[in-house]
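Got some structures for you, see below.
Two complexes are shown next, each including subunit A; its partner changes from subunit B in the first to subunit C in the second.
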Partner chain A sequence: MAKLPQEKILPFNDTSEKVFDYSKVEPFIGKSSPWREGHDIVTKSDIRHWCEVMRDGNPLYADEEYAKKSKYGGIIAPPTMAQVWSLEPMHAALRQFVNEIEPHPDDPHTQCFVECNNQGYSGVVATEQEQVYVNPIRPGDTISWQLTLHRVSTYDHFTRMGIGRYVDLKYTFKNQRDEVVSEMIFRVLKYKPTQTTWRAYKG
Partner chain B sequence: MAEKTKKLYWEDVKVGQDLPETARDVDYTLIACGAVWATHDFMPVHHDPEFAKLKGAPNVFMNILTTNGLVGAYLTDWTGPEGELKKLRIGLAVPNFPGDRMTLNGTVEKKWEEGGERLVQIRVIGENQMGPHVTGTAVMALPTKG
Partner chain C sequence: MGLSQAQKLVGKESSVIRAPDEVSTSDIRHYREIVEGEKESWDTSAAPPTMTMAWAMEALWPEKVKPTEPHEQVLKLLDDAGYGGTMGIALDQECIKPVRLGDQLSFKVMVVSVSSSEEEAEARKGYMVTLLYTFTNQKGEVVSTQTYTILKFKTLAQSS
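Up next is the complex of A and B:
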């Protein structure tokens, strides 16, 4: 009888793979970043650039005369733009993504991400978002935002990207009059990168 | 394009009705300009193919903000400028790569009145040749014939 190559088969109860330690991320859940202000005010050219790419011809976003007669009394930004002014400028974004230097290392969600990375869940991909639109955004507005670490999955999900945990971030966007313009739940998957990642798309 | 004259009334919308299909070719310009220029997203996986490969992706791919913008424009193109987006939830599945073509479709799922507003719920799906890129649910307020 042929002998089974025992050494090549992992025992069924193999525990060499580290289990995600939830207690390391739990302290950050429900905690918020400080309020931050957009680097730039909302401008008509920001709105035009967006509409050009999206091929959005809505006159509320571009036609002064039409917008003036509308219930808004002037040009507004597409509501889906809310997040735009909260994104990091180029130098900070490249430092973050290329050099892996976090712009706000003390933010609860950043600390949670770092903890996930330390535990091997270093991949990140945006999977889902929900935006609720409360007030219009207008040229001249300054958009501020606060980011709260809303939720982290309590168990591993088996996804196309690999084993991962979903992290829900809650954003609140306000204008300079302290009115909420929109709220967003942004869900990312923090996953363990594997060789199978992206295989499906290589064709 | 949402033309100034276009005005979809709440009364004229039927539950189960389909939105007109539209398609958009996805190329480097849409992905890179969508990320950097329109949505201010400098994550290099959306504009630098070499960086994308370093991260395990075969090429640059569309960022979620551009997807969100395309879905938003698709919805207000259908209603005209008086259709007001109240809520939009989108989920991403397969990425949009250069050379893909995304087809957008929608169906009216629900219609109701709430807090003095005439609302509709729309299910949206954007697919490329690999399958669904985006699936979403939107709530919009529409004008009424009164």
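Up next is the complex of A and C:
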């Protein structure tokens, strides 16, 4: 009797399909990157560019006279803009995006992402940002930031992108006087893609 | 056709326009990154002289509805006559004084010439407009003069 070809479709409870090993990412949780300084100081021109793109006509960000009379006593930057000063220079950002070369491979969050990739959760999509504003940012300030790996889902989420885990990154922004200006939780979904982003780019 | 009106604006100069931003380290870094490639760190203590035109760039928003200056009117007239495409053809720069951090530049624009008939450049037919920019700093010193030639051409969508 001829042998039937082996069934390719796995049953839903098949144990040969690997489950995400949380213990591999657990050591990185709560760990922080070193403090890094922004490439630019806060300038009025960067604030103007942001306000134009966001179509934010708040005079507190542009009108010196108006801002002087406000409780801040001068022009401030839009608080939502804090992350701008943590962005990499253009060439480094392109290298990271196109060639997936991480600028800071030793950071805990980078190591966590690498671990997720190794376990097949190689897709990434930004899902949420949550910001808390503590102190105003003013022109002339130097913004530094630190990235902490805040949380990783302990169970799989079933999403439209596929099966994935949420990874919460916590940014802390401070100025040159060591005052915290704002905090931000940046939530990304690391998921098992049907085709990786890398392959989609390289064809 | 408003093209004869455009000819009448030749030789007219705009009022003094204040650059939207003062010369800042961040803008210099952005310019150097794009023009000079990659480096470990950037010299942002003085602006590259070729960057002067960057400070003459208009705000993205809110959009200017009505053209008030002669050079804006010329471009608007050509837009209305069906030459909606804009292409920079040549930019001659003369750098006279260095532009330093914190400088507040102002500029005037003069319409030097508008071609009298359709010309062809870069495989496109249209009208050439030559503008003369004069940049001054907050002390009233002329830092740079620049001649900017623009081709206003019929876009594919307009010619079909």
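Everything that follows uses one rule, which is that the second predicted complex is superposed on the first by the 182 of 203 C-alpha atoms of A that agree within 3 Å, B and C clash if a C-alpha of one lies under 4 Å from a C-alpha of the other, contacts with A are read in each partner's own complex, and residues count from 1 in each chain.
Heads up, the rule we're going with is that a contact is a pair of C-beta atoms (placed from the backbone, for glycine too) under 8 Å apart; a residue touches a chain by one contact, two chains touch by 3 or more.
Values in this document were obtained by computation on a predicted structure and should not be read as measured data.
With subunit A as the common reference, the superposed partners subunit B and subunit C fit together side by side.
In the superposition on chain A, contact of A:44 is made with subunit C only, not with subunit B. Applying the stated contact rule after C-alpha superposition, one finds that A:87 touches subunit B and leaves subunit C untouched.
Judged by the touch definition given at the top, the superposed model places A:133 against subunit B, while subunit C stays out of reach. Legend: residue contacts after superposition of the two complexes on their common chain; A:57 is shown touching both subunit B and subunit C.
Contact with neither subunit B nor subunit C is seen for A:158 once the two complexes are overlaid on the shared chain. Which of subunit B and subunit C touches more residues of subunit A is settled by the count: it is B. In the superposition on chain A, A:97 makes contact with subunit B only, while subunit C stays out of contact range.
Taking the two complexes aligned on chain A, the least Cα distance separating subunit B from subunit C is 10 Å. Residues 52-53, 55, 57, 89-90 of subunit A contact both subunit B in one complex and subunit C in the other.
The touching residues of subunit A, counted against subunit C in their complex, run 39-41, 43-46, 48, 52-53, 55, 57, 89-91.
Across the complex, subunit A meets subunit B through its residues 49-60, 63, 66, 70, 78-81, 83-85, 87-90, 93-94, 97-98, 126-133, 193, 197-198, 200-203. On the subunit C side of its complex with subunit A, the touching residues are 20-22, 24-27, 29-30, 33-34, 37-38, 59-62. Residues of subunit B touching subunit A in their complex: 1-4, 24, 30, 33-34, 37-45, 51, 56-58, 63-66, 68-73, 76-77, 81-82, 84-92, 94-95, 97, 130.
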